[in-house]
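Sending over a structure as structure tokens; questions will come in a sec.
Labels run A, B, C and D following the written order; every chain starts at residue 1.
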Amino acid sequence: MEKIGVALIGTGFMGKCHAMAYGAVKAAFGDVPAIERAALCDVDEAHARKCAAEFGFARATTDWRDLLKDPGIQLISITSPNGLHREMAVAALAAGKHVWCEKPMALTLADAEAMTAAAAKAKGQATALGYGYLRNPALQFARKLIAQGAIGEVFDFRGSVDEDYMADPLIPWSWRLTRKDAGLGTLGDLTVHLVSLAQELMGNFESLCAMVDVVHGQRPVQGSDKTAAVENDDIAHALVRFASGARGVLTSSRIAHGRKNGLKIEVHGSKGMLWLDNERMNELNLYVADGPREERGFRRILAGPYHPAYDRLCPAPGHGLGFNELKVIELAELLYAVTGRPSQPVDFARGFSIEKVIHAFARSAESGTWTKID
Amino acid sequence: MEKIGVALIGTGFMGKCHAMAYGAVKAAFGDVPAIERAALCDVDEAHARKCAAEFGFARATTDWRDLLKDPGIQLISITSPNGLHREMAVAALAAGKHVWCEKPMALTLADAEAMTAAAAKAKGQATALGYGYLRNPALQFARKLIAQGAIGEVFDFRGSVDEDYMADPLIPWSWRLTRKDAGLGTLGDLTVHLVSLAQELMGNFESLCAMVDVVHGQRPVQGSDKTAAVENDDIAHALVRFASGARGVLTSSRIAHGRKNGLKIEVHGSKGMLWLDNERMNELNLYVADGPREERGFRRILAGPYHPAYDRLCPAPGHGLGFNELKVIELAELLYAVTGRPSQPVDFARGFSIEKVIHAFARSAESGTWTKID
Amino acid sequence: MEKIGVALIGTGFMGKCHAMAYGAVKAAFGDVPAIERAALCDVDEAHARKCAAEFGFARATTDWRDLLKDPGIQLISITSPNGLHREMAVAALAAGKHVWCEKPMALTLADAEAMTAAAAKAKGQATALGYGYLRNPALQFARKLIAQGAIGEVFDFRGSVDEDYMADPLIPWSWRLTRKDAGLGTLGDLTVHLVSLAQELMGNFESLCAMVDVVHGQRPVQGSDKTAAVENDDIAHALVRFASGARGVLTSSRIAHGRKNGLKIEVHGSKGMLWLDNERMNELNLYVADGPREERGFRRILAGPYHPAYDRLCPAPGHGLGFNELKVIELAELLYAVTGRPSQPVDFARGFSIEKVIHAFARSAESGTWTKID
Amino acid sequence: MEKIGVALIGTGFMGKCHAMAYGAVKAAFGDVPAIERAALCDVDEAHARKCAAEFGFARATTDWRDLLKDPGIQLISITSPNGLHREMAVAALAAGKHVWCEKPMALTLADAEAMTAAAAKAKGQATALGYGYLRNPALQFARKLIAQGAIGEVFDFRGSVDEDYMADPLIPWSWRLTRKDAGLGTLGDLTVHLVSLAQELMGNFESLCAMVDVVHGQRPVQGSDKTAAVENDDIAHALVRFASGARGVLTSSRIAHGRKNGLKIEVHGSKGMLWLDNERMNELNLYVADGPREERGFRRILAGPYHPAYDRLCPAPGHGLGFNELKVIELAELLYAVTGRPSQPVDFARGFSIEKVIHAFARSAESGTWTKID
């Protein structure tokens, strides 16, 4: 496949991010198809046209279904509100398109299941979800170290994902705080990332016991002196057990002042430990219990070209990748899948397994008991 | 009281630490009684004599009961193995002595309760347990900031206490790994510290749900090719709820490679956040959500003379206190209590409340359910 | 100007970096001309064709002079070896093209002067040199803070730029280590960056006293058992005075083991201090001597959308830009200059002032005396 | 020698620090003489008596000459103002006493030379100066690593020593800012420490070229609306060459906002690098260029009992020593010298070599030229 036609639905944070990835992936990776930016869709026509021009798409539309019929489009990016993911993804798959959909997958577990079923039916079509942090070369190097036994048998995982975008109790109420329109809160926005990293390094979850709370229960309604109820979770913590027998603890919060991209993980093994912090995403910290005791310490390893796929974007170590570049790598993985090469996108089946975990959080917290994850 | 006669039982890590505190406290604090180092007790007579000479004690003995009768002794340090704490402390209190006892308080909750009852009966006698980390000026400054509302209403606590003294699975089996002789494992050695800090900053615990595991279940028996079973816990994690309505997560491990004094806490509030890491015990990190957004960030505050009781030991900020100096402050608090001044030692009643929490960990983990803490 | 045709000379580290910037700039900034990637030039024809395809250029050539005649090209990127910069840049300017040239500007001060003269003559044509670190939002925020007086009068600057790409003494000899073919060593590769940052924050240099050394004087000749002499500098340190009356110290090394992008600066002022480290380029550390003494500390400020031009690339704070994205901002500045908007590219005149400083290093080190910089 | 009688002159920051060291050294080290705290001297009689009681000295005096005749005193601590060091030290040595004198040694080079001559004459008497940072176990471990060749041949040294005790330009004028009464400024207070560390790790200085400035030239006179001139240096920077052929840069400032104990050093070698920062004095950072490139990084090594003399004060790694404990180690080194054991105090001869370097700073800065150090 020399060229692939792509369409983009949505022009927000993630829409622009997908657009930039489409513009960069061929230059960075070389061994992927060239990208034809065929069409961009946004509900606001003027905005759609403006974005199409800026993002380099050939045409603009306000009707996403219009994209399905276009034979020049093989891959569709879905970056619309989460409540639309199911309908769009299922339709796109039915129309024979590959799909790159942002996370969280869907509002409900049923929706995620339906999407997974649709993807399973659409043999030969690739799917990918927006779990760019998994593509961080430092994280993948951690995975490799663990697989090689560098830190021995891993038995304990500590992870947190904290941001402060809802930390101020006076941030106004919006539809994003309702179960009906936005689904889960922190669990869907943040915890999914942490779960994806835990899976990547520790394997499948077996069970968990969670505590999920709304802390700032009322928020002011803008343009009024009233408040309205926050329905979805601010905080979600859990004890977890993995299928391997290992254990761990996950904490998450969207009301954690000072944390901007506070996704941190620690993996404890019988021969060493490693940890990462997304706010310093180009660093991996590694402790190995060998050599003279007096020379041991955590090593701060700066990402470099010897940590794939850093080399595709930069040959100079320590110069640093940015958040957007993880999406370029994510896209490359998807394009490898599209072209039938070995690759590791977070496809819908994998995404569904992540959704199962966060919905188990919710169930466990309600019942106050340990909950199995099938 | 111009002078106070003291005796020391035990000459290990903590014994020497108490001895150095006795040597320093009057020079540092000035407003405490002068210390008469009357007698030192160790089971090995030659070693007792050697240590008495080095630590500056007037005489040595191998019989701790001998100290009880000595009218020149008003305060007794108990740094013997934990299994002896109850008998010694109860006898010392009965003999009218003030008691400075190392943590954990005792092997069992019943023992801790008996000690607490003995202390309650001994009106006018002061008790203190070895929770030196509470005396860290950076920690006490955190407490003051919280009390002043600097970070608003506190609603989430994250704490971990990790060391690696048992991390190598080939470290041999010993009596310290049995329930009978050593009681709890990580819970008694490490988690107690974390619980003490959580209490100090968040108030009383209301309930918890814990996961407590032996990870390295068999260890080699020295001088043999056999292994023996490890009975007490390597790892102890819990979800917790505080009486205030706040919540949190505590993690602990004695098998965490790379952590040497990894006691870290994070307190999340509605206006800010603060965190500390004992491996950098002279630093407090504070984020306050005020001022222009673009200038906000975590502030690394170096401990200095404006953080009591740092000034008693050093007038120069950033020069740093050490672990041993926290014990000097702990001793000063005890001496203030002895002389009837306002003070805040961790007395036996407070120590008992800590023991209740770690024993609730054990019960909760066995039952797999949330457990109340009375 | 709705569209601008661009050509790229060179396909190495910087060539690819320019190519990716061309692919991203319109999506990121919106308010710049759309980019027509017209032609790519490389001496190797097959490689030129391959790169043109991957980087999205319409055609490939092996003759850079061929680009000069193409009316569809208005802007030319020069990322060829430094010894070719002068000839290409002067010719491109003469042909009416805008020029984006990598640093260091040229092998000799005379070459840099000639380029500057050519740019001065070419009124209405914009030039830019590859000083992307100046475009770091965290650095520009530092500049703004200083301008606003946030740290008072600035009087001392400490800067270092260290990498380890030549640190191993067994790295073989190459033409890059000769004065004739490569010009200065660390001074041209690294010190120029540091000088550019010092200028940006402190203003013009007045004089300096330098120490410039070759440390690993002989390097093995590949495929032989001989060694050859290294002619250009491994290390360059200097005391400096600025026209403002402030002072400072600059250190640089290409043989500094462990440093991958070790560009660090510290600015001392009468009311505070700030520092940055390029290995953590999304962080600015700021200390302001106000508020209660016990609450003061260095604040780690994470770059975010309130630090221009971070917002053009990402709306989420702390998510982090990468090295390549600084080149996108650099390109946007150049395109603003091309379209006559206020902008701050490092044009040839500014670049020449940087070259004067590093050549003054060399002269001062030879004479062992303080040297004026005109 | 089983016991040694000691006297203390001065009761300020360093006086109290010496007192605490006398109280701790025998308990910590065991293999040193027991300390008899014989007499304390302060010019204020009531204060002398109060301090003698608190610091545990048998008697108090206001006449330091009175100590010279006391046969029960073998060692005298001099912590009085620097202008008195020469007279007291020379007299104490003449009276047959060992001397522990705080730094800087004296106001002038002539005074330091006279003290050195007196010490040379007093064979069998030990002298030590207050360079406690040299006793930091992390620093001594760095020295050992260098000696073992862990980082190869060392060729570059970067050091800074910055504090902010004079950073506010409104801090009032005092006699400490005059040449006559206080001698050098930052050079005597801070740079001496940096020079001592550079010597310890790099060997003797050969020459330097310095820049020494008064930045805040006038300071307010307290209780008046006038200002008075600051005569001694705020800032002192230098390029240096060592006798070994290595080079380096030293920077110092007493007006560096935010730095509380900012003594940092970096040693660059042909196989690796190491660095330390006194504000985190229990950490050594080490990079060694071996093993797979992708696993390399700076290792943060926490001080522990395997780093002598940490073990004398604490058996638990990572628990951390404090500033005061470095003085305990310093005292132990002096006591080893007193008792004829191998030891490494900074004696007067070594101290004189440090004074030569800082006075060379002053001369070089005045002449604006490179200056030899004999």
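In the analysis below, a contact is a pair of C-beta atoms (placed from the backbone, for glycine too) under 8 Å apart; a residue touches a chain by one contact, two chains touch by 3 or more.
Keep in mind that what you see is a predicted model, and the values were worked out from it rather than measured.
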Statement: Looking at Cα centroids only, farthest away from chain B lies chain C
Message: With centres defined as the mean C-alpha position, give me the chain A-chain C separation in Å.
response: 34
- line: CA centroids of chain C and chain D: separation to the nearest Å works out as 41
Message: Could you pull out the residues of chain A that touch at least 2 other chains?
response: 259, 296-298, 302, 304
Query: Think of each chain as a node with edges to the chains it touches; is that a line, ring, star, complete or other?
result: complete
Message: Which residues of chain A touch chain C once you look at their complex with the stated criterion?
response: 13, 16-17, 19-20, 23-24, 26-28, 30, 34, 50, 53-56, 259-262, 279-281, 302, 304, 313-325
Task: Within their complex, state which residues of chain C touch chain B.
output: 141, 145, 284, 286, 292-302, 304, 306-307
Message: So in the complex, the part of chain C that touches chain D is made up of which residues?
response: 151, 155-156, 158, 160, 164, 167-169, 209-211, 213, 215-216, 235, 237-239, 241, 247-249, 251, 253, 255-259, 268-273, 287-289, 296-298, 368-370
